[in-house]
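Two complexes, one shared chain (chain A), two partners (chain B, chain C).
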Partner chain A sequence: MIFTHRKLFINLAVCILCIGVSAIFPLAAAADIKFFDLTNPSLRKMPLAIPVLKAMTPVEAERERTALVADEVSKMLNFTGYFKILERKSYLYDAHKSGITEKELNFGNWTVIGAEFLITGGVQVVGNKLTLDLLLFDPFKQKRLIGKRYHGQIADQNRILRRFCSEVMEAITGWPGMFGSRLAFVSTASGHKEIYTCDYDGTNIKQITKKKNITTFPSWSADGRYMAYTSFVNGPSQIFLREMKGGSETNLTFEGVQIEPAWHPKRFEISATMSMGEDQEIYMLTGGGKIIKKLTNSRGIDVSASWSPNGKQFAYVSNRSGSPQIYIMDVASGRTNRVTYEGKYNTQPSWAPKGDKIAYSSMEGGEIDIFVISVQGKKTIQLTRNSADNEAPSWSPDGSLIAFSSNREGRSRIYVMTAYGTDQRRLVTMDGDQTQPKWSPNFPH
Partner chain B sequence: MSKSFFTVHSDPYQKRLFFWAIGISLAGHLILLAVIVMNPQWSGEKDPFASAIDVQMVSVKDIPDTASGKTAAFVKKIMSDKPKPIRKTFKKRETKKAEIDPAPAETADSKKPEVSISRKPVKTKTAMKYKTLKLNQNFKKALARLKKNADEPPARTLEDTIRELREKMDKGEFKREVPKGQRGAQKGRSGPGSKREAQIEEIYMALIASEIQENWAYADQLSSDNEKGGKVAITILPDGSIVDISFMDRSGNRYLDESVEKAIRKSSPVQPYPEGLRKSRIVLGLNYTPQGVSDY
Partner chain C sequence: MRKNFWVFFAMMMMILPAMIFTVSCAKKAVEADSEFEEPIEEIAEEPVEEPETGISDEELMAQQRREDELRRKEMEFSSEDVYFEFDSSTLQSSAQRILTDKADYMIAKPEIGVTIEGHCDERGTEAYNMALGERRADSAKSFIVNMGVDDSRVNIISYGEEKPMDTGGDEEAWAKNRRAHFEVE
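Our next item is the complex of A and B:
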């Protein structure tokens, strides 16, 4: 018995020692691992598969929507610049034979074509009612990321799809995208410079102002309910504040020039460039138009305020050094830092929603182009080049896209590109010249 | 009333047995402590992104091996070939580390806002668009490439890479690859641990890294300015199946880590070991740091 105990303990001791040694030795082995560098992704977008939807009943009205809805989702998500939509020909899937849920899907059929994300769905039409089942999967993790059933009228289809796409973007990138946003811009389509708005994709264009005079510099309030702009309708340039829903508006009546309003991102306050009989300086005003304080006070002119997302700082243009350059002011301390040093004419700053970058336009060699600079002024990237004048950058609410105006096709048009300058395409097609795009926040779908 | 321990275990042998147990327990705890100190990631600290952590790929049966036959034959052919002069110099990419911007410089006197104007101009970089979307330039380049290809057989980068590795190996540049305990292996020996096997292993690992890079998709818009990259180790069995993906150092960007993990999963199973490689498993390390569009 005693002998057995002794043997047992010795065996136990040996086992523990062996386990310990085997646990420690891989550390030494790890040091001998040969490492190779991966630096160049072969695809700079995420491969996404969107097969046609399944007709749930199926009736003719459903069958004709199966591809239509899938195409619309593809178009929306493709617009973001994040995804490469995989060709349907490569899919080993038939929605009508297979199902749309994870229990019925064979994820191997999707991983084999390299689909990192998959959207499946079903459509049901009963009279005027539309029901859409939409699901997002990660085939590699064999995991459902979103699974929702949307009910509505057939006319609500686009609203439903925008909501779903916002949810897809949030699930994949952490940001809800810009599918609920609109753009304001200036157009001469009516013969005068007036403010117009359109959906994020350039559709659904609406004329906002009808002043039959010069109206420019649109600016959305943080909740999108108000818009400010400058108009010369009463003679001198004046800032107008407009409630978007009712259309009621009021104007500021201060002496001198009033231009370039910019709403505060956190409070119902607005900054504007006003001369008040002196140099043009930036003032802080209430949403009702009362002056709170003078923000800048320098010998040169200070214009074009653009607020940081937290509302504690703003970027602006000042010519105090002899040429227009971008500066940042901290509102609480009044400290000012110069951001741009390269280029002699840097204007139109637009602070990115993520807070780390500022887009601006810079004139060099007679051509205006769009640049992005880190807030610390350390890293500059030129986004447009050799395409005539490109100016007035404005970030999408998720910070992934930049809208700008360009006369690369002759007349000035509104274009959009990714935050890295890729995927540049025209957004709005209408008569006249279009300038000064301003992206709104996301509205509820 | 309970009796004391020494009353019950008055037998000297039982006492000895007890101290033995204490001793073994103490030794075990000491070993455990040493493991935790030397390998902190085992201490139970979890990455917040649990979905991409602790990935244990037992097998990825769903992914058919479409290329292994071709590439295995290719590796076999390369192994059997005698070294030829390198046609094209393969330059290994330098891993660029993203700049970490320091906090904004503060002005000494907060009451008197100052503007510094003597700053050194920062070099402007060009977005990828102008590397890829310059239509005229790209068209000209493509024409030149076609003309060149018509004159000579198309350059096979992978083949060049392998040849270069082989040449480097012959020059003795990969001394580190020979395990310490096997440095005494004689030249020309073809058994386990021989120089030739180390050479084959090196080439095989380069091929697998290349395969994974081919499957790597990463959206630029998900990158961050301070992207530092990360390290991942994968274990490959002789049949090419990847049985373990272990992140040794995460990048801090969940999307980047997941993109690399997916690239590895897409590649699995990789091509099986070439002839002459007798190891039971190979651990391949990958340093991943994507060049941002602005870094081109």
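Our next item is the complex of A and C:
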């Protein structure tokens, strides 16, 4: 072990999912860290340098990974849309000559190329065991923000890197990154609308339902162990509650339409719109599907609940004013506030993970676009424009990205953009139409 | 000369029912907004009246007309949809006319049950449209139940924007998709 001679070596003895992690140095006190607010629209991309890693032993199995790991970390952090990865040929650095710790680094070589962040690392391979040292620095402050050693199997490499990248985001923004998250969405690839999932970056697509009928509106439970959706497989639209691991399901058999379930963020409870033969209202149900209470009670449609992160309020769509608009209800007091006033068709609210904003879609002049508004109903920002319909926004668990569907290239596809609308790109590549993306909570790596 | 007569006769046979058809349509158009109950009773009761006194030409024609109309209502029952304005489940006068015919038919045919499907065009968003589709189906149901169709004979289902009639992306297609469709069970 290379760092065992260091006095400050602290083994955190953390072993989650078989990846071991050690802190090479204790981290700086949280109080000195100033975080970047990624939802600040004037934020420019942060210049980040990620040189080729150091082969520690060095053996061939390490040498072939030095560039590979650096490339993978670059790709993952670049995905966030918040970094400008500096070109490697501009680096005045060779990991084998200079080393990877702050004692060995010359920060001047990094500040001269404008690198506000620097990631160095070392790779060690013994048999099928992989050890990665990964460090994050602020070269201008000459300060290390992360220094960790990850132990695992060679096959764990991707999981280790996802975990490290989530930690990088946490060190810089104060919120763990979304690299451990997945997305659920609806695709007609099989000829029917079915629920699928994929990793945060659109890879690793899995088909969840095989109902051979219209199945839509996926919702992840807060712990990711359950998913709910609406399916017409039994005739009318019914809500299904699915245990993800075993795939067992229960479905609700209440009379009338059942639409768009939304798991509560804190309790094993779920809300859904049902009519019960009367008006379409939002109900609260247990995780097993028993009605707890009727949440809304107004003439007309009440639909599409999206919970606030603390679970005390929810945003929803109501047409009580004559057109669909976004409202917020406080569950304890039952008080409602109208949030949107501009436009005649505002639907699909998605409450941001930080609690301060709501993304929604608005139809104007025949096109649907995505907007963000503060929960007080102020500061409306338009995120998409002039690109056909853009619908169904869903925040990443760290609030840095928004997934949505768009038919800008003809068929409806899943896209992703930063929280302030930049770096819009297609996320999922598969046959058919893809709609209704729902970002999962962060899962442990 | 004789040939001409038969041609004339054949033409009359074609025109007459068509005239009857237009007359009955026009009559319905006037009635639609006011009273719905009367024409139903006419259909149900009149054939039983005075069976032994022989049937005059006038009565024969009236009976023929009623039969034609019932046949038309039968044909139109599942083929003719009720249409709605964008983001609305309000029944327009044309929709009320169509629903009056459907109610007449259901009252004349007490053995049938129906599922009313509510549909929307693609323009709105999916969850809201699924709710709106149910309100459309429910508007149609309430109308025919008010006209005397038994509540238990009518189911409703909403497909939202999931099953468009016309996949074209223009107002003509959208108008066709904003509908309540009657499906005999």
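Here, the second predicted complex is superposed on the first by the 402 of 445 C-alpha atoms of A that agree within 3 Å, B and C clash if a C-alpha of one lies under 4 Å from a C-alpha of the other, contacts with A are read in each partner's own complex, and residues count from 1 in each chain.
Here is the rule we use: a residue touches a chain if its C-beta (ideal position, glycine included) is under 8 Å from a C-beta of that chain, and two chains touch if they have at least 3 such contacts.
Note that the coordinates shown come from a computational prediction; the quantities given were computed from them, not determined experimentally.
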Ask   = After superposition on the shared chain, which partner residues are touched by A:Phe371: those of chain B (first), chain C (second), both, or neither?
value = first
Request  = Could you say whether A:Phe107 touches chain B, chain C, both of them, or neither, answering first, second, both or neither?
outcome  = first
Inquiry  = Output check: A:Tyr420 vs chain B and chain C. Expected answer is one of first, second, both, neither. What do you get?
reply    = first
Request  = In the overlay, answer first, second, both or neither for which of chain B and chain C A:Ser406 touches.
outcome  = neither
Task = Considering only touches as defined above, state whether A:Asp356 meets chain B (first), chain C (second), both or neither.
result = first
Inquiry  = Which partner chains sit in contact with A:Ile381 here, chain B, chain C, both or neither? Use first/second/both/neither.
reply    = first
Task = Once the structures are superposed on A, label A:Thr336 by its partner contacts, choosing first (chain B), second (chain C), both or neither.
result = first
Ask   = Of chain B and chain C, which one touches more residues of chain A?
value = B
Query = Which residues would you name on chain A as touching chain B in one complex and chain C in the other?
reply = none
Message = For the complex, give me every residue of chain A touching chain C.
response = 193, 214, 216-217, 230, 232, 235-237, 256-257, 259-260, 273, 275, 280, 301, 303-304, 317, 319, 323-324, 345, 347-348, 361, 363, 366, 368, 391-392, 435-436
Message = So in the complex, the part of chain C that touches chain A is made up of which residues?
response = 87, 123-128, 130-135, 156-159, 162
Ask   = Residues of chain A touching chain B in their complex?
value = 2, 5-6, 9, 12-13, 16-17, 19-21, 23-24, 27, 29-30, 32-47, 80-84, 106-108, 111-112, 114, 116, 140-141, 143, 173, 320-321, 327-329, 333-338, 341-342, 356, 371, 374-383, 385-386, 400, 417-422, 424
Key: Touching residues (chain side chain B, partner chain A) in the complex   = 13, 17, 20-21, 24, 27-28, 31-32, 34-35, 38-39, 42, 51, 60-64, 92-93, 95-96, 99, 101-107, 110-111, 113-117, 119-130, 132-134, 176-177, 179, 202, 205-206, 209, 212-222, 225, 231, 233, 248, 255, 259-263, 265-266, 283-294
